[in-house]
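Shown next, in structure tokens, is the structure this report addresses.
Read from first to last, the chains carry the letters A, B, C, D and E; within each, the first residue is number 1.
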Amino acid sequence: MNAVGWGLVSAVVVALAATVAALAVPRRHRPAVTGVGVVAAGLLGTVAGVVATTGTTWSVARPDLLPLIGLELDVDSLSGVFLAVGGVVAIAAGTYAIGAARHGLDGPGVQAALPAFVASLLLVPAAGSVGTLLYCWELMALTSLVLVVAEHRERPAVASAGLWYAVMTHAGFVAIMVGLLVAAGAAGDGSFAAIRAAASGLSPAAASPAFLACLAGFGSKAGMVPLHPWLPRAHPEAPSHVSALMSAAMVNLGVYGIVRVGVDLLGGGPSWWWVTVLVLGAVSAVYGILQAAVGSDLKRLLGYSTTENMGLVLVGVGACGMFAAAGSRALAGLALTAALLHVMTHAAFKTVLFLSAGSVLHATGTRDLDALGGLRSRMPVTTAAFGVGALAASALPPGAAFVSEWLLLQALIHGLPAPGVVPAVVLPLGVAAIALTAGLAVATFVKAFGIGFLGRPRGAGAAAAAESGPAALTAMVLAGLACVAAAVCPTLVLPTLAEVAGGVVHAVPAVSGTVAIELVGVSGVLSPVLLVVTLIAAAAAVVGALRLLARRRDRRRARLWDCGAGPLSARMEYTATSFAEPLQRVFDDVLAPEQDVDVSHHEESRYLVAAVSYRRELPDRVERRLYTPLLDAATAWGRAGRGLATGSVHRYLGYGFVTLCGLLAWLVVTR
Amino acid sequence: MSALGVAGGVLQAVVIVGGAPLLLGLMRQVRARLEGRAGPGVGQPWRDLRKLVRKQSISPRGTTEVFRVAPVLLVAMTLVVAVVAPLVTTASAVPPVADLFVVVALLAHATVVIALAGLDSGTAFGGMGASREVTVLALVEPTALVAIFALSVPTGSTSLPTIVGTALDDPQRLISPASLLAAVALAAVIVAETGRLPVDNPSTHLELTMIHEAMVLEYAGPDLALVELGSAMRLSVYLGLFTSLFVPWGIATTATPLALALGVVALVVKVGVVGAGLAALEVFLAKLRLFRVPELLAGSFLLALLAVTTAYVLG
Amino acid sequence: MLSLWRAIRRLGRAAEPAPAPPVPAGPAVAAELAGSVQVRHVDAGSCNGCELEIGAAFGPVYDAERYGARLVASPRHADALVVTGAVTRNMVEPLRRTYEAVGEPKVVVAVGDCARNCGVFAEAYGVVGAVADVVPVDLEVVGCPPRPETIVAALRLCTGR
Amino acid sequence: MEPVVMSPPAAALLDVAAGALLLTAVLVVWRRDLPTILRIFTAHGLALGALVGVLAWAQRSVELGLVTIGVLAVRGGLLPWLLRRALAGAGPARREVRPVVNVTASLLAVAALVLLAFSVSVPLVELGESPATRAVPVAVAVVLIGLLVLVTRRHTISQLVGFLLVDNGITAAGFLTTSGIGLVVEVGVALDVLLAVLVLQVLAGRIRDTFGDVDLGELRELRDR
Amino acid sequence: MTTPTLAALAIAPIAVPALTAAGCAVAGRRTAAAAGIGCAAAVLAVAAGLGAHVVAGGPVEVAGLRVDALSAFMLVVIGAVAMVAAIAAPAHVAAEVDAGRLAPSTARRQGVLVHAFLAAMAIAVLAADLGVLWVAVEATTIVTAFLVGQGRTRGAVEAAWKYVVICSTGIALALLGLVLLNHAAAHAPPGTGGHGLDWAGLVTAAPGLDPGVTRIAVVLLVLGFGAKAGLAPLHAWLPDAHSQAPAPVSALMSGVLLAVSFSAILRVKVIADAALGPGFVRALLLGAALVSLAVAASLLLAQRDYKRMLAYSSIEHMGLLALGAGIGGAAATAAVLLHVLGHGLVKSVAFVGAGRIAQLTGTSRIDRVRGLVATQPGLAAATGLAVLALLGLPPFSLFASEFAIVRAGLAGDGPAAGWAVVVALGLVVVIGAAMLRHTGRMLLGPAPDGPGAAAAPRRLPRSTAVAMAAGLLAAAVLGVTAGPLAELITHAARTLTGAP
């Protein structure tokens, strides 16, 4: 067993030990025990992942474990990337968890589920056969479900979110299972090696349904539109460190699945698979960020942002597949590198964002941006952490996501050689989607940061907020540092990622360079470090010049300019809703907001208004159009189905009698 | 990092910082003349800046360092763009940063910084201005990126020096349909990003019609000077970029003093002409209602998209 | 658009030639402002006559802008407060706050007779007093309403041009 | 097993017994009056006994003869007696007032069922053709008729009769095909049936006690609608 | 092992419960409880011994009984589920007696009947002769009838009536099938098989059976034993009976009785496959499976009673078993067997939990139970986990078995099984959604206001907790490793796929 094996196995063992310990130790020590266990597992998993990305592989087959399935683990460099990402997120989340175990979160079940969840997160990318993958996948679903409903006593929405999550994840699991087992059936064996070997001989009649089913299942996990509605429900309702784990680590595994199955196991497949992926990714990106841009629930907004970012990743994956199908291996490698980098950066900034959102939630008791504000002076570290994350998420230089989106755009720009009409239509649309996403992401995160943390408090909770405890702060700082690192020196990981991606699509690594990111084979160079250095130099120059020129050094504090009228109250501030109102008006055809205004008049005269109540709701439109009818149909089915059990013994016997007669008649006919 | 690049970087910084207020003065002067006024003279923005720098700094209560740092960042980011973009010379002082995406995104980032400062003040106008500015930005950003994309497709690169160099080598590209469409789209982007008519009226006094001004109502003294300088530099940089991309002639390709001097003169002349033209055009335009702006931007987005598709299809 | 262009051509320059710069030195801060004065106008209780004249002063004919004066929307941006009208009760506090909001160095110009000594509204029940009773005044512009030339002259004292 | 060679009179007797079996089954469907039905059911049990007896006589089998006595005792004596006792304890309702499907339709259904049974049973007859196997379709028809009674009759006692018709039919089929399926099983089956009837009888009593009626249509406490 | 030892071992699973039944008639409540656990342990131990022997040395016939891998495995199932039920039963009975819902004499009778029930099931799985098997299965109906009707309420009496009538009618059809099978066997070519309804003999003789007659026989047998196994269309007795029977009895009925009947179908299938080819029974079973799943889905969607919910879930799982059996092959059959055990354990836990909930809340309506996690954390956790396990989530063994069934279906020859699996999975998702919704409503949310909730003790009775934890733990361990059972299951699957 090499370093990868030791790392992975010890990570899982430590996590499971923490699970058992959580059930055994007294309530007082429980959070510390599980937290430390999770951190240790995360560390070990990271080590295993990092070692694996350098090309060390490890595999094991234990048919005696998991009856009828057989445990098969097979870690290659692609698994390594996702292992490492999961591990790093777990470190931050575990640290945060130590301090976050209030509010009924210190029960044995919830505490035991957390390390188990981390263990399954680490095992999914390491799975080496269909059965093992599905086992770990469902284990992940089970443990995360327990965590999602952890706060069910506080809010009624939790139970409903849990139900959405459970049902959709179960349906997604079934889709994956069907897809993978069709492939495995056609290949004759369920191990990934066997499927990979048989892929070239697979008929399209088997491969395409298998891929589409997997796309649906994995895509749903990644929050792909239209299979996303669980995500903006479950992620916000979970405790925040769980949200971080789900949003930063778990959704990635959906991407992993699509890459693993589509690119690796099935060997690429026809172009239209990947056009589908790209288009769905683009739609997810735009739809997700649009919902985030007009939302005012901090965590729900972050959830939709996850849909957006996974959409961007899927654009990259789709482009990779398209290029690979067209034979441009180098570009495919570039696109996949971009996608993988975006997975990493998204993990980094989403962790810090969810953790700091959790810190805000604990301190203020609300996630509603309309009631937040003024947290800068009350929670400086949280504000700084969220700021770093928001900068990264808005994809502005020198933020973390800018680099990955830049790479993605480079891949699309150089995609011109891909022949045919389809790329000529799809690639520009992809770029347009990314561009629109980038713009709206800026609006979203300016709103989230500016309204949520700057200005003055809009509610009592925000006014009374105090900074979180040391564990939470440590976690946020850790994740924030990861964000900064990803923004400033992505070159530390990029060549490795490029090698991984190149390995998956059988191409030379698409990116090299230590100071600057240099694309291999196509022109393109970017240096985040130099950018930061230049910016700092410019800022220093500006400050210096100002010092030289300015005559008065004193800085006077003055009251805010309130047009001379009385003091400004919080009600005069712009809220998140009002901030997003112009955007909502611009996109009202897409968003279809529902609003009504009730004006009630005085009894004496209808010209005198007594009260005006205004209500606006922004329902998820896909959900309204797609899922509501589905749920209505299910309700109707259930109502009709009751008619099967009327209580009449005659009817019950009649079922059997009629069936018997029918079967006998069938026997007569088919004789 | 070539000698040409370094020379260009230094010259560009000087020209932009020194010339941006003059450009603003020129545009105001053009406008004043067309309105039948005498006008305060081209140097008036510089006089304003000089006075503002001498004045007292004011920190409104409740604002944080975001409010204080924002002007510095605004100028710094614009300055970086002024240094790295090929305006006077085709080479860049810091080539790995001279990417079209980086440049546009940096300029957008500068806007974001000011919007955050507006929100930081916590006043109704600050929030309103930030909301509007960000809405416009969110709609402009896609247009800019797609237009860039259209320009990059024929060149196969988003590196500004490469694009400008290719255009110089092969001027025929500049009159291709894709390029023309992209030029129009970028022009709309510049108008919207720099807060010119018909998107925003830079000389309005009415808070309710403001976009950019509403965010900076709280600034005074040197901070305000930086904000004004930053805005002026943004305008110059945008116009400079525009001219470099679509009218690259005159730009220095070698590091000889003559070529550099010619480059500076060419930049000043081109930007001056374009700026004066823009100012003259503004006289004829009325400001759009805020909710009509998206229509304009959607139109430019469409143009940019068409440019890309044209670039793809026509090569 | 074409008709507008024709109008511009026909009109040419509407601004009258600039009179000679005022001889007496303005307030001490004028040197510091050095040719650039941003003006914030406060109506402390005016009948709007002065406003009309101020509007005219900044119009094409008198074109106060050519001397470096410019109206702005925020007292934070301003160097000069131009106050019109007798200070009414409701406007005492706002006027004071506006004054405080302006950064140093700053000048206050009381425009019109009401601003100087309450004019016909002196002793009225809603009037507190002249501008000088509330904030320190540096310059006064006489007239009811004052002529635009006078206003421009006062502003030129501030800009020093 | 050797094919049974049967003398013509025995075959004729067998046919008569089988005919009686079918006729009585049809009559059960026809009649509504419960005491009458019970009388017909007794006849049905006796016909079954006769059928087994004919088989015993035809095969000269003492063992089968003993079985005949057992069948007559249980099917013709014990079970009808139990039913009569149950009816006596079942309260005043003595008529199948409104069956789920009315009598005319039931009779038409019986015709269809008999046809179905006959056509289904063709392979049974073809396998080891003999006078006995030729009567198997009748047994199958009786089973189906019994099921029909079960499905359509509301009175607890009529449903019991239907259940027993099914059972009689199966017994008949057993004897007609292979002259029984082993003694242990045979006894076990008989015991089971007997116990089942006893249990149902007890339950019928409880139904009357708790629901105050013997109409099975009233049993709608447990339902999802 | 010597023959007498073997004979003793083979008879023990029947004799021990029978003796315990007799003992219960005279013993006190405490002794009876201990005896129940001892009896289950004995059955389990004997099953283990028999299993080891069978795995090592093949099937044995002794004293009219036939012990092969399948019967040994089914004994394990009986023993395991009986163990859970036996541990949980005393606390349940005690609570019922305390609440005045159960007379002590009735409680005693319950002990007798439960053990008689166990003995009957043991006979059913050990019988060498299909006829004896039939008699034993019908005997279970008779024995349990009074357990179902024990409450003497309207519901209980009604459920008992429906139970006996529908099951007896169904099982009668199976008897007709046996008669016809006997007929076919009697006319099989001489020298090909054994005699009468002896299963091993029939399997040997099967290729020579007349297809026309065998077809009819098999239809009747599947329909008949299917009724007792809770398969559609004669499934309707199940929700009524399971919701009315005392919880430990429901656990046994749902966990084992259905499976025992289903094992009869499995045995019939061996004969039918040899006589008719695999397609015929496959069509029947797949049809039954899909209809059962559809029925379960339809009635679970808007279910209002949690006991009935569990009952319909049993129908679902029987449908899955039928699906697996219909797909056939060693892998799917092994999966079916593992599913039987996993379902038995988990469903018994679920029923024990439901019984406890009913005792605490006094209602079996879903909408009257709220916030159980808040008021009864242990009970809620165990019940919730049991429901999740029923939906096939790992680490519980139901995941492995469902997965293996699906794998076999999608890998199998012919698209029919594949499509059936896909449709079935769709229905399973609907069922899962419905069960999650109902369970979530009961378990989650804040503690309800009102005096009732606060009065009840927060902790479970120790024995109930042990029973539920043990059942879940066993199912979870089985999902990770089956240990020696894997061998037994493989052998049993081989037995059922034509190699006795």
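The rule is short, and it goes like this: contacts are C-beta pairs under 8 Å (C-beta built on N, C-alpha and C of every residue); 3 or more make two chains touch, one makes a residue touch a chain.
Since the model is a prediction, treat every value here as computed from it, not as a measurement.
Chemist: Under the document's definition of touching, what chains do chain C and chain D have as common neighbours?
Modeler: A
Chemist: When you check each chain against chain B and chain D, which touch both of them?
Modeler: Touching chain B and chain D alike, sorted by label: A.
Chemist: By C-alpha centroids, what is the most central chain here?
Modeler: Answer by centroid distance: A.
Chemist: Among the chains, which is located farthest from chain D on the basis of C-alpha centroids?
Modeler: Relative to chain D, the chain whose C-alpha centre sits farthest away is C.
Chemist: Would you mind telling me which chain pair, A-D or D-E, is linked by more contacting C-beta pairs?
Modeler: Most contacts of the two pairs: D-E.
Chemist: What is the chain whose Cα centre is as far as it gets from that of chain E?
Modeler: When every chain centre is compared against chain E, the largest gap points to C.
Chemist: Just the number, please: Cα centre separation of chain A and chain E in whole Å.
Modeler: 42
Chemist: As a quick test, compute the distance in whole Å between the mean CA positions of chain B and chain C.
Modeler: The answer is 33 Å.
Chemist: Could you work out how far the Cα centre of chain A sits from that of chain C, in whole Å?
Modeler: Distance between chain centres, rounded to whole Å: 58 Å.
Chemist: Distance from the CA centroid of chain B to that of chain E, rounded to the nearest Å?
Modeler: The separation of the two C-alpha centroids amounts to 76 Å.
Chemist: Can you tell me which residues of chain D touch two or more of the remaining chains?
Modeler: 120, 122-123, 147, 150, 159, 216, 219, 221-222, 224
Chemist: Residues of chain E that touch two or more other chains: which are they?
Modeler: Residue numbers touching two or more other chains: 158, 161-162, 165, 169, 212, 215-216, 239, 299, 302-303.
Chemist: Using the touch definition from the top, which residues of chain C touch two or more other chains?
Modeler: 74, 76, 101, 103-104
Chemist: Name the touching chain pairs, please: which are they?
Modeler: Touch list across chains, by label: A-B, A-C, A-D, A-E, B-C, D-E.
Chemist: Quick check on the complex: what are the chain E residues that touch chain D?
Modeler: Listed in rising order, the residues are 129, 131-132, 134-135, 138-139, 141-142, 145-146, 149, 152-155, 157-162, 164-165, 168-169, 172, 175-176, 178-180, 182-184, 186-187, 196-197, 210, 212-213, 215-216, 239-240, 243-244, 299, 302-305, 308.
Chemist: Touching residues of chain B toward chain C in the complex: what are they?
Modeler: Per the stated touch rule, the residues are 32-41, 44, 47-48, 50-51, 54-58, 204-207, 210, 213, 217-221, 224, 283-284.
Chemist: Sort out for me which residues of chain B touch chain A in the complex.
Modeler: Interface residues on chain B, with respect to chain A: 53-62, 64, 66, 72-73, 75-77, 79-80, 83-84, 94-97, 99, 101-102, 105-106, 108-109, 112, 115-116, 118-124, 126-128, 130-132, 134-135, 137-146, 149, 152-153, 156-159, 162, 217-218, 221-222, 226, 290-291, 294, 301, 305, 308-309, 312-313.
Chemist: Under the stated contact criterion, what part of chain A meets chain E in this complex?
Modeler: 64-69, 107, 109, 130-131, 134-135, 138-139, 141-142, 145, 149, 152-153, 156, 158-159, 162-163, 166-167, 170-171, 174, 177-178, 181-182, 184-185, 188, 190, 634-635, 637-642, 644-645, 647, 649, 651-653, 655-656, 658-660, 663-664, 667, 671
Chemist: What residues on chain D touch chain E, complex-wise?
Modeler: 1, 120, 122-124, 126-128, 140, 143, 147, 150, 156, 159, 163, 166-167, 169-170, 173-174, 177-178, 181-182, 184-185, 188-189, 191-192, 195-196, 199-200, 203-204, 206-207, 210-211, 216, 219, 221-222, 224
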